[in-house]
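Both complexes shown next keep chain A, but they swap its partner, so chain B is in the first and chain C is in the second.
Coming up: the complex of A and B.
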């Protein structure tokens, strides 16, 4: 768990320093340097010298681009996870607490969302609405809200029957007060643990969309799509973004798993 | 059982109708100016107006919906913005490849998952860690790393083992092996965990302990008593995973250049060809709903209690 936290914090620092990497190397992320970045035969230069982690197929700096991509991937991941958590908690709480028709809608809705090919829906949204962050974040969030809603609903069904909740009800607390003041705080632990597990899924979803060309911006997914064209002569174009993406998703997964285990 | 089948079919139809309504909304209400995609950036105002009229975009929405719904019932998904070909035909040409990819990936995932689940019984911590790591990794990254590993290990000769193209036109194994392996590996993770957990639970149950005390071999207990119980959660999980499988197929087709419906969709996304993408969404929804229905019926056959299917399981 500690190593996972260290990896995550270093990734965040690496991403936060993106403008500094650009200044220290003198290579802005979008600018190609065909004169220095490509060898005479047109292949990218390897790590070392002017390009600390090598250049990509167009002669752009892999290190600087990876740092800016880390910003896109991590920010999108955090935003989508936060939105998914909010949506999932709201839906799960409403379904589990109110029961009846609201519950039926939440239960069926999550089932459909879980079984639906998420990527196809995301691609459709991207092609019609464009692949900006304002499209990608909500689409990813809706897909990830389903498991959250399901878990929250199950937990609420259990918590609402506990003695202290019944006591609050007996003391005359309004349903709203019981829901927000008594039941909601009891969800904090499981919700945080599940949100940490949703984070790698959100980062993975964003990079997958970028890999398929459906999300804009410099992203690990887009770098990997470029790297797939160039890796035979330039392994760093594939392994640098791939390694960072792998580190991010694995660290989040290990952290989320450790948090889940510590729950009562 | 009849009542169950009727309820299940009604739910499937309701979901498909919702998806088609969403597709209509995206194509006809939200989509900003498809005539600009078709006509290109330098089309004149008259050309744009002619394209709009040709697509029927100036008619009232309910007329457009009537035409859309009528077309759907006849299996007409509209025409590609880019090539003008009927979308249904384009998809029908490519779907067999994707179905083959998903079917093989699914079978491999189940085989690997059950094997790893049984194997993981003795080392639960290690098994959990491996499952966790694989499940968190994006499918395309697994595919790319497999490609890179093949290249690193065997050089250019390794890449000859992967050949893009339609698998029906020869080189079947070369074209399908790595795509199947990638899809199978990623999805095996959840089955492995499910198998292990269910087995661990069942092997401590009274009837299994009784069988063990009669001297039944441990191997037979696992395969005969344990896996029979595990079949129900495994089948249920398979239904849930259908969406992930289809999403995975789109990605894997792009990574390995398999020319299936997913590759078609990815290329359509790149040029903004909305009817093709939305046709693929409809086809994907049909596949997912059909698979979920088959799985539910199979589970009902395996486990009579689940036949009392209701809209809100608790």
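Coming up: the complex of A and C.
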């Protein structure tokens, strides 16, 4: 758990320092340096010297681009996870607590979302609406809200039958008061644990869309797509963004797993 | 807010003597109370049957007395308690509190009445929110009912904690820091916060260690004397009920089969089921236990989905005759204050004439 936290914090620091990397290396992220970045035969230069982590196929600095890409990937991931958590908790709480028709809508809705091929829907939305973050974040969030809503609903069904919830009702607490005052706090542990587990899924989903060219901006997925053309002569074009993506998702998964076991 | 609702907590009010009503007036009256849980099946979710958890229960509780409600698991005693608390809507029947019909009250309409009717829960572990401090648990009723406490909520809570025998310094602790008995005391303090007139205690001690049970039972009795409380105590432990109750109602499969003063019921039980129950009470004296005749009932409690016709107890009753499965015995007053629903009661008073009938022929289980 501690090592996972260290990895995550390092990644956030690495992303936050993106402009510094650009200043220290003298290479802005979008600028190509065919004169120094490419060898006479047109292949990118390897790590070392002016390019600490090598250059990509166009002669751009892989380190600087990876730092900026980390910003896009992590921010999109966090935003999508936060939105998914909010949507999932709201839907699961409403369904589990109100029961009846509301519950049927939530239960069937999550099933439809889980059964629907996410990538297809996300690609369609990104292509039709454009691949800006305002499209990618909600699309990823809606897909990830389904497992959250399911988990929350199950937990609510359990908690609302507990004697202390009944005690609150017996004291005259209104349904709203019972929901916000007694049931919602009991969800904190599972929701936090599941949110940390959804975070790598969100980061990976964003990278997948970027890799397929459906999301705009520099992200790890877009770098992987670029690197695909150069990796035979330049392994670092794939290894750097791929390694960062792996580190981020693995650290989140380990952390989420530890939290699931530790939180009630 | 009226004046009497801002009464200070912890100061023993003379509630019992303040009531002008004559002794014996019913605080709570329940008439023909029923709860049927529908069973749905099939694609259209049609109702195919109903679990008759409570099937026509009538009783009344006088101000200041304790009514014990006993019976086996699944006989409907807890469901009855939850209906009195209006935590569960009844299928049929009426509930009168202080003469007022509260059966059809909405949750909102019920809210002011919750000050007068409160509940003690069975499980002291699940009945306290583990995320809240003792102070906020016991103080919650004041906020929910918008009751102003003259010296602040904290003071009121500390007085309540003292009243139930807890250290008021424990205000900021969490439930997990307490033992089962202490947790039950916290629950009782919360119940008392609103100064209720009626307390429905659902198995108040069954989750506690035997050595702690006596303490909590005595606490309940002391509080009754001090605050003039009326209790409906739901329990399956006949010794506890005997100790705490003034009157006892015995339930079997959703119906009351016998209701009598505590002393009458324990010394001269009339319903065969009550006899069987009492003979099953463990006696902590090997000498006395050896000479005792124990009634062993055959079979299990039938399903409330499809209860036996007429007298629900007849398939297990050694006195059953043909009439028992044809005519339901009404709950009849056979002795002063002693009502029994049986055609052939034990310890029947002189002059009781059993109905004419022929013995029931049935398979005898091989023992």
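By our rule, the second predicted complex is superposed on the first by the 263 of 264 C-alpha atoms of A that agree within 3 Å, B and C clash if a C-alpha of one lies under 4 Å from a C-alpha of the other, contacts with A are read in each partner's own complex, and residues count from 1 in each chain.
The working rule: a contact is a pair of C-beta atoms (placed from the backbone, for glycine too) under 8 Å apart; a residue touches a chain by one contact, two chains touch by 3 or more.
The model shown is predicted, which means the values in this text are computed figures rather than measured ones.
Visitor: Is the arrangement of chain B and chain C around the shared chain A a clash or a fit after superposition?
Guide: Superposition result for chain B and chain C: fit.
Visitor: Between chain B (first) and chain C (second), which does A:39 come into contact with in this model arrangement: first, second, both, or neither?
Guide: Neither partner.
Visitor: With chain A's C-alpha centre as vertex, what's the angle to chain B and chain C, nearest 10 degrees?
Guide: Roughly 90 degrees separate the directions to chain B and chain C.
Visitor: With the two complexes superposed on chain A, say which partner A:103 touches: chain B (first), chain C (second), both, or neither.
Guide: First partner only.
Visitor: Once chain A of both complexes is superposed, is A:177 in touch with chain B (first), chain C (second), both, or neither?
Guide: Once the two structures are laid over each other on A, A:177 reaches chain C alone.
Visitor: Tell me which partner A:185 touches in the superposition: chain B (first), chain C (second), both or neither.
Guide: A:185: touches chain C, not chain B.
Visitor: Is A:164 touching the first partner chain B, the second partner chain C, both, or neither of them?
Guide: The answer is second: A:164 touches chain C but not chain B.
Visitor: Can you work out, in whole Å, how close the C-alpha atoms of chain B and chain C get once everything is superposed?
Guide: Superposed on chain A, the two chains' closest C-alpha atoms are separated by 7 Å.
Visitor: Residues of chain A that sit at the chain B interface in one complex and at the chain C interface in the other, please.
Guide: none
Visitor: Enumerate the contact residues on chain B facing chain A in the complex.
Guide: 11, 15, 18-19, 23, 26-27, 30-32, 128-129, 132-133, 135-141, 144-145, 147-148, 151-152, 156, 159, 239-240, 242-244, 246-247, 250-251, 254-255, 265-266, 268-270, 272-274, 277-278, 280-281, 284-285, 287-289, 292, 311-314
Visitor: Residues of chain A touching chain B in their complex?
Guide: Those residues of chain A that touch chain B are 103-104, 107-108, 112, 114-121, 123-129, 157, 200-201, 204, 207-208, 211-214, 221, 224, 227-228, 231-232, 235, 238-239, 242, 245-246, 249-250, 252-254, 257.
Visitor: Across the complex, what residues on chain C touch chain A?
Guide: Against chain A, chain C makes touches at 85, 87, 107-108, 110-112, 114-115, 118-119, 121-123, 126-131, 140-141, 144-145, 187, 190, 194.
Visitor: Contact residues on chain A for chain C in the complex?
Guide: Against chain C, the touching part of chain A is residues 162-164, 166-175, 177, 182, 185-186, 264.
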